[in-house]
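Pasting the structures in now, so scroll down.
Presented sequentially are two complexes of subunit A, the first with subunit B as partner and the second with subunit C.
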Partner chain A sequence: MEFLYYFGDVFTPINFGLLLLGTIGGLILGATPGLSPTMAVALLIPFTFQLQAAQGLILLGAAYTSTVAGGAVSAILLKIPGAPANIATTLDGHTMAQKGEGAKALQISFLASAVGGIFGVLLLIFLTPVLAQWALAFGPSHLFWLAILGVTVIGSLDSKSVVKGLLSGCIGLWLATIGFDDIMGAQRFIFHPALGGGINIIAALIGLFAIPQVITMFAKGRKGDGAEVLKVQKHPISGAFRELFRNKRAMGIGTAVGSVIGLIPGVGGQIAGLVAYDQSKKFSPDRDKFGTGHPEGVIAAESANNAMVGPSLVPLLTLSIPGSPTAAVLLGGLLIHGIFPGTDLFDNHPDVAWTFINSMLIGQVLMCIFGLYVAGLAARVAQVPQSVMAAVVLGLAVFGSYSVQSSMGDVYVMAALGVMMYFLERFGFSAAPLVLGLILGPIAEANFIQGSMIANATDGLGPYFLGGTLNIFLIVVVIASIAYSGYMELRSRRYTSKEEIIA
Partner chain B sequence: MSAPSLPRIQHMIGSGIVAAVGVWVTYISYTATPSEAFLFPRLIATVFVVLALWTFAKACLGWTKVGNGITPTQVKNLAPGLIIALIYIFWAAKGLGFYTATTIAFFILLSLYDPAPHGQLKSWLKRIAITAVFMVVMYGLFAKLLTVYTPREVFF
Partner chain C sequence: MKKLLAGAAIALTAMTGASFADGHANYPERPIMMMVSYGAGGATDFQARIVTMTAGNEDALGMPIAILNKPGAGGRVGWNWLAGQAEADGYTLGAYNIPHFIAQSIKGGVEYSRDSFEPIANWGADPAVMVVGADSEFNTMEDVVNFAKENPGKLTTSGAGLFVGHHIAALQMEKACGCSMAYIPTKGGGAAAMKAVIAGEVMAGINNLSDAFRAREAGNVKILGVADLERNDFMPDVPTMMEAGLDVDNSSVNFRGVMVPKGTPQGIIDKLAATVPTMFENSRVQGKMKAGGSPMHIMTRDEVLAMWEKREQTLKELLAGL
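Moving on to the complex of A and B:
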């Protein structure tokens, strides 16, 4: 119950102000199609440099939570999911809005998000300290395999092609080795002076997530979105509470599915929302009503995508392994303040850890309250033309990456990585494993070198890295995740081929 | 034998570049000194080059299933914006000064991609107003709030 001790810290004027700012800003950013939670959090990092660690994390955490929920606004009123996590919300939410139940859809979506989100953060609160203590048993070989696991799980589960996902991870791991070697001081792959100090994580994150989105907007040309905001009629909030209570099953399924999926590294909110929607439909006596503007669909999808937010931070805060691209960006936000997740965070900076986690709990409530009021404004912002969004994001990316170290080199790295990622994405590569490789590369290398030294003095490399129960378990999980994804990829192709033959 | 389709050629070029980088990384990792500094890069490079060559081989054989490539229309649409963005980042921001370059680049990009008609005075005034508001916000955020000293060079 250590978290209760730091609860008051969330309510200091600056902390609470930042929480409000992050929540309201996140709701508006989340409603904007094309601005994913990861990109929004990456663009916000430069604004946290001058803040204390806990304050910076409060801002980033609030933005993460509310961008996921804010995406429901454009999903319901414009039929454009604000983020991939809101795809399932569109199925029933927009139909409800078309039937004149837009306000009801928004209300139940924010209420379901808050319930799911609070459960997810409670899971984070109670699981994290236990796992952080367990992490003490990890030696260099285990941490090496954990870092590799983080890259391979996201590489295989987050990509449509297992090989390209793993290759993206390898590119990220290689990019992480650029610069001076920590032990020998040797130059590695420095083919431009801007790379002398290695690749700055924040500049890289901004480039990898923001620039491909900017180029994608350019690629659409001068056409408008043509999306029209549906009119919202007033609906009493008490009715939304009753609706939520009537659909306890969908709420429970969404929250449970989201929490479990959130704990699995690499499986994002999009999967959580769709799986919860599908399971809710299967267990519902009104399954025929799904897709026709049925509240159960909105409740299941929205409770799931917010329930996964808290658990997705468990691997990050305990084992330093970000479970999602947004968690990877949050790790970047921690590292700039010289704080390493895991036992260091809970032993040496408990105020930072618990203030941040508590703020996410309060943030869920604020998100629900403000979501209902900001929805109308957010829907208007969601109609901002792509041309404005592209230019704004480009400007923020350039200023943000420059402000990291006041270095033009970082701006060049940001732009080069961003353009490269756009083209790689067109050929089926994925940004998430590349980012994970870039972030986990130094952790993997440091533990590999440390482990090699221990191994040379003891049993040798093979027994040290491949022996022991925990090493074997981690290796089996790495192989199993790759094999499972490979199997699923082959199966989906077989189905696609069969459908093509039938068609 | 039919000629390879456009995406297939694109996949061959794309995966070919990745494979070439993989081969280069592997070569450097195994030949550069001191070898101790390249222990981890060697491990990565070995997996990297195997996966990259596999992907390249699949692209050459036309077995690539993932990734749509880029259509000529998309290239036509994105080219002006990308060129302006690259000139802005790699030359103008340092050469002209951050705020001047950002104002010019923002206004050009907005004008290039804004769906509003180019023949109306109202839409031009709107673009000028959006650019001005954006620059005021950026100046307030970065110069005043975060006190970031940006290159000022020829202008500002």
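Moving on to the complex of A and C:
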């Protein structure tokens, strides 16, 4: 209960002002395509040089929280996921916006974010020592199986045909091999210097999701006068609350999956949203509605990616190991003030530690309030004529992919992948499985190589990858997931007409 | 230190004359950019931001230095860019990591070598250290070496990647003790390698002194040896590898500093070489670096030139068999 003593510190004028600044700034940065939470926090680091330790961390923590949620804005309205965390949000969120329900989608996404986020921070407050052990429990073999578990959902994710889903997953896995391999130092498929560092995930996201849509919009613009202006339906906030309560299952699954997966160093944040989305889909009676603008999908994805924020800081705060790039940046924010995460932080600087954690709790609420306010205004984006919209999205896509590492190469990669995706979409492939392949490929590969090196030096490949409770548990889940997909595929086959199969 | 300052002052006066002749008297006239070939938040980025924070002061360059991150492929992306695409006009600096970029250029596949860059000054030296988990049975370097001798290839040792300081230290240790270890490069840099040690996935690890110091403060690891010529001020109780009977010198020490691409006007190089070391000596910079657990080691351009050359020779010998 120690954290309660430090709640007052959050509300001193300067601290609260910084919290507001971080939250509002974070929402704006998060909503800008290409500015991932990691980058937003890194941009703010120099400002914290001048601040006290607790103040600096409040600013950084608030920015982290609200950029993750702010990413939903561009994901829903523009179909540009600001970061891997927001991929799953586009699947139903953008379809909702296209139906004129943008305001509703934004409202429930911010509410779901706040619920998930608060739960995640509470976990951080109460269960940190337990969670730290859990974070360490995942070694290379477990991470390998976890990535394989991710691969098993590729086929069923946002695709009518499992085969096409798997195929686009494979394309993603192949794209992931491009570049210098960090472990063995091999060079693979580098035909142009721009590919030396591999395919940057943010640039790829922007290209794969936004560009096909831009091309479609331009194509439409030439046919008619393009004034296919949507009527934006007003949506009362109370309605969004009701919607949230109606979907307790998606909310629960999203929050649980986000908290658990967010904890695992190096994997969590990127796939939490997608795994939660897939799981809610499997458990939902309305699973056919997923992907067609179904609020449950948005709720699951957004509650998961904000629930991950709190637990993702556990390895950093307790073990002094930054588990994600964003945590690494926060580590810099602590070190600059001479504070070492770990026991030093909680024993000698409890005011800094708890003020920071408390401010994240308050930040979630502030983020939700501002988000709800913005939702109504932002949804008007759908009223912009398509030809104008296409130009704006294209501009943002170029800006976003350039700003990731100030490299024109990423813009070429973005454009090339986008054009490729446009044609793939015409043949019924979708971007989400491809991106999942791109994310999971390196995780599976690196952990397999690392695991096999350790295994060869110790007790051999078999016992290392197949032994141990956690390994066996994960393998069982993998098998169950495959069996379930196969079963669903067979069952739905019976009702599928010949025309649908051809389509 | 006084001698060094006096030297720098003399150099400064001499250089100003030279730069007048070259027509770079007014350099810098606009803000300068410094490329860091690792991501925001990493140790190199973090330190680069601290050591350049006083660049805008009148007694330093009088213009701020902005950090530009170009991460990827263990630093190769950024250094390729600096060697091939950056403008050599004095407004684009780069941060170097030794032995990384020299080892990479020896292994090939990159567009740079030692000759592609001109060093300006060195700000930090982060030696590699041997760490084991807090509850490990190893308590000294001898324990580790004995285990490695009795069980060839069984001692799993994590490190940040191939051909970085950690790997070099592991190679030198193997050569020194005539034993073989299982070096496990991790993806995700030093943090991932440290996690592997703390979680008990590997028996030992080689990591940065600064990160290991933090992990030891948190009570997670024991530090057994430093791969440097002298004991480190941050941990005077930890012996060097030499003291522990292993012939491992300071070749694996991760030197960090500032360089410019070849072709930058000599007048500008001279001016930077004179000013930048004094900028590193600023007390605010020193204070922040010490607070963050980052060991400083300021070297002038001439010292760095000699260090680069020596390092290249050692690395060529060491990597010849791989």
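The rule we apply is simple: the second predicted complex is superposed on the first by the 267 of 503 C-alpha atoms of A that agree within 3 Å, B and C clash if a C-alpha of one lies under 4 Å from a C-alpha of the other, contacts with A are read in each partner's own complex, and residues count from 1 in each chain.
Definition applied: a residue touches a chain if its C-beta (ideal position, glycine included) is under 8 Å from a C-beta of that chain, and two chains touch if they have at least 3 such contacts.
Just so we're clear, the structure is a prediction, and the values are computed from it rather than from any experiment.
When both complexes are overlaid on chain A, the residue A:325 reaches subunit C alone and has no touch with subunit B. In the superposition on chain A, contact is made by A:402 with subunit B only, not with subunit C. Of the two partner chains, subunit C is the only one touched by A:140; subunit B is not. In the superposed model, A:184 lies in contact with both subunit B and subunit C. Once chain A of one complex is fitted onto chain A of the other, the partner contacts of A:458 are limited to subunit C, with no touch recorded for subunit B. When the two structures are aligned on the shared chain, A:46 is found in touch with subunit B and with subunit C.
By the touch criterion defined above, A:283 lies against neither subunit B nor subunit C after alignment on the C-alpha atoms of chain A. Contacts of A:343 after superposition: subunit C is touched, whereas subunit B is not reached. Judged by the touch definition given at the top, the superposed model places A:196 against subunit C, while subunit B stays out of reach. Residues common to the contacts of subunit A with subunit B and with subunit C across the two structures: 46, 49, 183-184, 406.
The touching residues of subunit A, counted against subunit B in their complex, run 46-47, 49-50, 159-161, 163-164, 166-167, 170-171, 173-174, 177, 181, 183-184, 186, 188-189, 214-215, 217-224, 385-388, 390-392, 394-396, 398-399, 402-403, 406, 408, 411-412, 415, 419, 423-429, 441, 444-445, 448-449, 452, 493.
Every residue of subunit B that touches subunit A in the complex is listed here, in rising order: 10-11, 14-15, 18, 21, 25, 28, 32-34, 36-41, 43-45, 47-48, 51-52, 54-55, 58, 64-70, 73-74, 76-78, 80-82, 85-86, 88-90, 93-94, 98, 102, 105-106, 109-110, 112-115, 130, 134, 138, 141-142, 146, 148-151.
On subunit A, the positions that touch subunit C within their shared complex are 38-39, 41-42, 45-46, 49, 136-137, 139-140, 179-180, 182-185, 187, 193, 196-198, 200, 265-266, 315, 318-322, 325-326, 328-332, 335-338, 340-344, 405-407, 442, 446, 450, 453-454, 456-458. Residue ranges on subunit C touching subunit A, taken from their complex, read 39-42, 45-46, 49-50, 53, 68-74, 76-77, 80-81, 84, 107, 109, 111, 153-156, 161-163, 182, 184-188, 191-192, 194-196, 198-202, 214-215, 217-220, 288, 290-294.
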